[in-house]
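Letters A, B, C, D, E and F name the chains as they come in the text, with residue numbers starting at 1 for each one.
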Amino acid sequence: MLRLVLPKGSLERATLELFEAADLAVSRSSEVDYKATIADPRVSDVRILRPQEIPVYVAEGLYDVGITGRDWIEETASEVVSLGQLEYSKATGRPFSIVLAVAQDAPWAKVGDLPTGVRVSTEYPGLARRYLAEHGVEADVRLSYGATEAKIPDVADAVVEGTETGRALRAAGLRILDTVLVSYTELVVNPTSYDDPVKRHAVHQLQTLLRGALEARGSVLVKLNVGESDLDRVIGILPSMKAPTVSQLHGGKAYAVETVVEKAGINVLIPELKDAGASDILEVPLSKIVH
Amino acid sequence: MLRLVLPKGSLERATLELFEAADLAVSRSSEVDYKATIADPRVSDVRILRPQEIPVYVAEGLYDVGITGRDWIEETASEVVSLGQLEYSKATGRPFSIVLAVAQDAPWAKVGDLPTGVRVSTEYPGLARRYLAEHGVEADVRLSYGATEAKIPDVADAVVEGTETGRALRAAGLRILDTVLVSYTELVVNPTSYDDPVKRHAVHQLQTLLRGALEARGSVLVKLNVGESDLDRVIGILPSMKAPTVSQLHGGKAYAVETVVEKAGINVLIPELKDAGASDILEVPLSKIVH
Amino acid sequence: MLRLVLPKGSLERATLELFEAADLAVSRSSEVDYKATIADPRVSDVRILRPQEIPVYVAEGLYDVGITGRDWIEETASEVVSLGQLEYSKATGRPFSIVLAVAQDAPWAKVGDLPTGVRVSTEYPGLARRYLAEHGVEADVRLSYGATEAKIPDVADAVVEGTETGRALRAAGLRILDTVLVSYTELVVNPTSYDDPVKRHAVHQLQTLLRGALEARGSVLVKLNVGESDLDRVIGILPSMKAPTVSQLHGGKAYAVETVVEKAGINVLIPELKDAGASDILEVPLSKIVH
Amino acid sequence: MLRLVLPKGSLERATLELFEAADLAVSRSSEVDYKATIADPRVSDVRILRPQEIPVYVAEGLYDVGITGRDWIEETASEVVSLGQLEYSKATGRPFSIVLAVAQDAPWAKVGDLPTGVRVSTEYPGLARRYLAEHGVEADVRLSYGATEAKIPDVADAVVEGTETGRALRAAGLRILDTVLVSYTELVVNPTSYDDPVKRHAVHQLQTLLRGALEARGSVLVKLNVGESDLDRVIGILPSMKAPTVSQLHGGKAYAVETVVEKAGINVLIPELKDAGASDILEVPLSKIVH
Amino acid sequence: MLRLVLPKGSLERATLELFEAADLAVSRSSEVDYKATIADPRVSDVRILRPQEIPVYVAEGLYDVGITGRDWIEETASEVVSLGQLEYSKATGRPFSIVLAVAQDAPWAKVGDLPTGVRVSTEYPGLARRYLAEHGVEADVRLSYGATEAKIPDVADAVVEGTETGRALRAAGLRILDTVLVSYTELVVNPTSYDDPVKRHAVHQLQTLLRGALEARGSVLVKLNVGESDLDRVIGILPSMKAPTVSQLHGGKAYAVETVVEKAGINVLIPELKDAGASDILEVPLSKIVH
Amino acid sequence: MLRLVLPKGSLERATLELFEAADLAVSRSSEVDYKATIADPRVSDVRILRPQEIPVYVAEGLYDVGITGRDWIEETASEVVSLGQLEYSKATGRPFSIVLAVAQDAPWAKVGDLPTGVRVSTEYPGLARRYLAEHGVEADVRLSYGATEAKIPDVADAVVEGTETGRALRAAGLRILDTVLVSYTELVVNPTSYDDPVKRHAVHQLQTLLRGALEARGSVLVKLNVGESDLDRVIGILPSMKAPTVSQLHGGKAYAVETVVEKAGINVLIPELKDAGASDILEVPLSKIVH
């Protein structure tokens, strides 16, 4: 029922892994690699295309649902409904930012200092023009086909470019003046499809599965045993995301406690639980969490 | 006690992964790669040999138990006891089929149309001869050493060849006339060994472990909490493979429900459970299931 | 608070995987590969350096805690507090041994037979000299920079060299005379740091997390259901590491039993449990166990 | 003196190999990969940038000389002086063509049949618009970011796309309607630089070296001996590119003949020479030919 | 005019490199990898098939000319005209031998010692049966699908297997009893094609090109200058394959000498030439030699 | 007759390629990788060992001839006869230098500024101690097992380390204070072997072959034709390494000129020759030059 479009390229592998983890495994066509299917009654068709083009196609209704970056949604100024971020990154945990950068020794300290006619090289000409205009800069914006940081000083005075760690910019001798946009991967829907209650319900169900898989990646199930006297203390230490599941053990004054906790922080939590009287603490990996 | 023979080649890696998942990890000899051991009191010796030869060796009693394909059992017409399929595939989820194929523009529509003296190239001459004879075709069957689809039209008029997706056949301009055999990987036992009650019990225990690992791959443990009022509805939705484990939670009217469900279908099940009142739904990966 | 030093080279990947499994993921610097951090309040700084040098640096207090091999602790005769082995190996399950080896046809049967002036090639000159002196051998010990087994007979009469399987020694035509040292990877602490109660507590907490991850690798959680009449028999079969967790199931005479068991032996245990009346036996992977 | 810009990406490796063969080896900077130098008094600076942007930069005079494809010169409508093709291909010997393609079963037989509003996806929007306008077609031309053949039928009715073998187009079920442009790699010069006699001379010298290396790839030096009586016959068979070098051998009636011949055809030439009386025929590889 | 069949698999790459060196470059089809062409008026068609099947196809006239191993010509007892060896090996310079091997500790010293009913595993059942029959051994010969050395002692008492270095046999604990056949790669022709004078001439021309390329690999062109007084001594040292080409240098009493010599031995020859008065000795690589 | 030892590790591949180019191809043993042979009557035996140990072994007479770096000859203070550099580099054309480096912001400007007790980390403790003592510095020199640049500031104040480009030092924030040694690869001989006239002659012959191969890499044979009137001018332009070989062409007033020139500079030479009237200029690759 839903037509789905997923991003080809740097996000492709991570996206397919996420869909598999969400029990929505994507089967590529054995003939051409941009066609695929998902064995799910809500999904009629899957395409794998460049993320740059996805916002436009979803906005035009060629596909109902897509996954792409905020950078390309803004660049193409596409009218799509965003259901928010899907936090799975390319390489590092840091966000992908579109920044304005100049040569280390350039005389400008902030965007407003850029002179009229400044040459700006970018893979995001639409975004860059709007951003510079908002800051009152009249620039000569030129499309870059990649390796944009190499354009300074020969063919540009400034660049608007994406970066995670800033490493390539530093290696090219550039300095970041401003962050134009922090870009996340988002789940976007065609507005008309989203107005259709049946499609909207189906999209939310897919989103539930994807978010459930993502949340499971950052969490573990903690199981522990604890005597009656220490029960309250142990429960008091547990993060209060959700009430833990407590069961009385057979024939005794001890309890089994189960709860889901975030991985971040568990290195501190487990020693604390032990100190508070918990025993037989187990960490069990999860593949999905749906609240 | 049992002598075991596993398939070398395209099935090798998947077989060793299955045995490791079944807690029967195979240790290769550091001297020669066809000898191995399993740290299990039921297994005295392990060999890793070509799947084509395994049915004969098991039939002759050189090994008690083997893993091989149905295609080679049929090709060699070996008398072995099969304990059934082990469903772990080479590359795709599709079965491996031995098919009869001819040129796209050949004048034949079914096997019976093939004329006397038709040249048939195949890696399965025994199987092909029996199949063609059963259909009343007198053929000139020739052993192919691989890339059989390339034999038409130069050196053959038809081929009997294995395929999963049919892609290589299509690329070579061939058309499938008939399926000769659908071949699965099977666990096979020497008939005399199988008549020995001690060996038979040991083989069934190994089979239990292997099947337990395979079943776990296609299943997950689902845990959820549900209030008393929604308990019956939620349990009604759960697939009826096995009764779920229900425990009353400490000090309240809520229940913890645990059950094993197949991965296929869970993308539909989880949203339904949520709609029915379940909360804190967790999917936990499994490494073995034994009923 | 703690300064940590981890081993570069053959142990590096396994060490980083262990720390990640212990919820102590190591983030490499994006600038230089020997600097890293761990997002943990107890760890101020991480370095990744050669294991040969780690014992000295920890003994001198340049770092509080390190991971290195017993071989280099002995070679450098460093004064460190060892918190014991961390059993994660390079390639095989076998321990890494430092052995004394000679040519297959050499006339010596034990270390004491080596003549005065015997030429000994080794990457461990300190260790070799002390070992040979203890056995009354006056040797000409020379530093080898690798491929030590190749030194016999051209440039050495004997070698003191590390080996897991003995394979390279056999291939070079050598015979092992004696084991000088069995070397494990150990967690070592600077004595002064270890005397500081705050640091000692922090080190023990890290050790708890690392051991918890290691123990989880060799164990699984077994869950099963059993009727009242078979409960005692099933519990009697379970290994007595720790009392199992038993919960009565809702509305019946059946029990849910959970326990952690070692992977070694589970291939025998599961068929026994089934024979004893257990049903719905599940094996669940674990990511940490803290008693 | 000359500033040079070379293409990054699919042509990069072949370009660097050609320059090395022309004794103009390119040394990459050890800091950033888009800067390089050539140890040649005529070349002051080398940059390695996307071929799409090179025509513009050379036209604007940011660099004196560049190497890029005819496709991007046309797409950007850049005013550069072309010194002609450099025939070194990406993968096959076939030219790279920009073609107009539609679905196999589309109702159009030639470009003029395309209806008003036809959706055309292309990486060459400038080129496509001009081409379609010249043929009287009013099209909705859209920028494609790659895998353009996958756009039909979902998001486009026709594509303007580059291809060497047509394989990807066929695999996607497309049919070629017309060839828009046959594109070769060319050596291009800034018009002002080319008007400067010193720079023009330097550019021609570089071209001589590059062409000399390319010609050598397709040629070999043939050396042979021949008696006086067969000399004319043998020389008559040799291709008449250039008069062969003939030397009389010491003390006899025999001659040594040397000539350069194209590799294409040498498989036929050598047996002919032998039949005509030549002996000791040698083929010697060449690294440069300058007429 | 000629239909050609080349070997797929372990010889494939070396064969294609040889044809390219012989100025007979093989272009693979972009559709299927077993079809190819050579831009040569004598060759109408090229196929790349398993070497095991090539002798049969050439004998039957499906192809005029083929390249395959002597082992498969003998195994299939095919009637083909062999134009002799083409000496380009798989990995080492040693010939590929088909040997009879038994366990290191087997009681047999020569082929005639093998008892009636001895189990022989081999990829060459035809060849093995004929060989054993000629030596009066009644054996149970079985087809092996590979890794034949692993068959002893479990499923065979002896093997007939190909080897270059004997290494795999030694590693498996086997001992060579006899050499059944030394197998080289050969150029084979269909007898009827070879009787056709036009085809025979064309085949010999191809052979000339292939042999010319092979001979060039093992040879170099040596050029040197020598004064009149040393000329005879230097020429006396040169290997007498062919008279050297001697030219008098312009305006002096010195001579330029050129000759082709084998690479084997040139390490000794060059210092000798220098001692005998030669100067400016150059070694020039060759790509073809036709006498 | 000569026992030869070649360097394992980073120089290994380049060394084996050089020996092959010198017609002294090294055949590795099929059993152990540190034994080899060369089919040459002057070489009885070849070993491939760590370059660090080679100077000592050659000095002690365990081998007659070796190839190693000047750095290890100095570090081990070995008494060997050096026959000079063999200029084949690891990765770049730059020499490998052993330098003294400190932190970018360290207060020292030259080696003499280093204070008493300065901690120096190095893989060359012998060399470093002698160098520092010569400059009047009393240092605490410590053996580094690699990644020495990472030792500052934690465990060292200065390093003595090898570098080609200085890149790793810069990345680690270090500054070079002084060059301790420029190290080349050298051919070294045992003094006693070198005193033996037969061995000395044999060593010089090997050196001739190695140098002949190296010189050929940096040179090409240039062949050209020129009319009588331009002959002197063309010859005047040719580099005066050696008189060119001039032959009068058959029946005319033209000459064939051949000479060897260095590759460096040929990019300038060839256009000059053409301007001076040379035609049919050919560059022919060489595989050996012996003057």
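Keep in mind that, in the parts below, contacts are C-beta pairs under 8 Å (C-beta built on N, C-alpha and C of every residue); 3 or more make two chains touch, one makes a residue touch a chain.
A quick note: this is a predicted structure, and the numbers were derived from the prediction, not measured.
Q: What chains do chain A and chain E have as common neighbours?
A: The common neighbours are B, D.
Q: How many degrees of rotation map chain D onto its copy chain F on CA atoms, rounded to the nearest 5?
A: The superposition gives an angle of 120 degrees.
Q: Of the pairs A-C, B-E or A-D, which has an interface that repeats that of A-B (more than half of the contact pairs shared)?
A: Checked against A-B: the matching pair is A-C.
Q: Do chain A and chain D face each other with the same patch, meaning over half of the contact numbers show up on both, or with different patches?
A: Same: when the shared numbers are divided by all numbers used, the fraction is over half.
Q: Could you pull out the chain whose C-alpha mean position is farthest off from that of chain E?
A: Farthest from chain E by mean C-alpha position: A.
Q: Name the chain whose C-alpha centroid is farthest from the C-alpha centroid of chain D.
A: C
Q: Averaged over CA atoms, how far is the centre of chain E from the centre of chain F? Could you give it in whole Å?
A: 38
Q: How many angstrom lie between the CA centroids of chain B and chain F, rounded to a whole number?
A: Taking the mean C-alpha position of each chain, the two centres sit 59 Å apart.
Q: Please report how many Å separate the Cα centroid of chain A from that of chain F, as a whole number.
A: Whole-Å distance between the two chain centres: 52.
Q: Express in whole angstrom the distance between the two chain centres, defined as the mean CA positions of chain C and chain F.
A: 43
Q: For chain C, write out the residues touching at least two other chains, lowest number first.
A: 31, 247-248, 284-285
Q: Which of the chains are touching one another, listed as pairs?
A: All chain pairs meeting the touch criterion are A-B, A-C, A-D, B-C, B-E, C-F, D-E, D-F, E-F.
Q: Can you list the chain B residues touching chain A in their complex?
A: 92, 165, 167, 220, 225, 247-251, 256, 263-264, 266-268, 270-271, 274, 279-285
Q: Any idea which chain F residues touch chain E in the complex?
A: Against chain E, chain F makes touches at 22-24, 30-31, 39-41, 205, 208-209, 212, 216, 221, 242, 245-248, 255, 258, 260, 284-291.
Q: Which of the residues in chain B come into contact with chain E in the complex?
A: Against chain E, chain B makes touches at 8, 31-32, 34-35, 47, 49-50, 52-53, 56-57, 62-63, 142, 144-147, 150, 154-155, 171-172.
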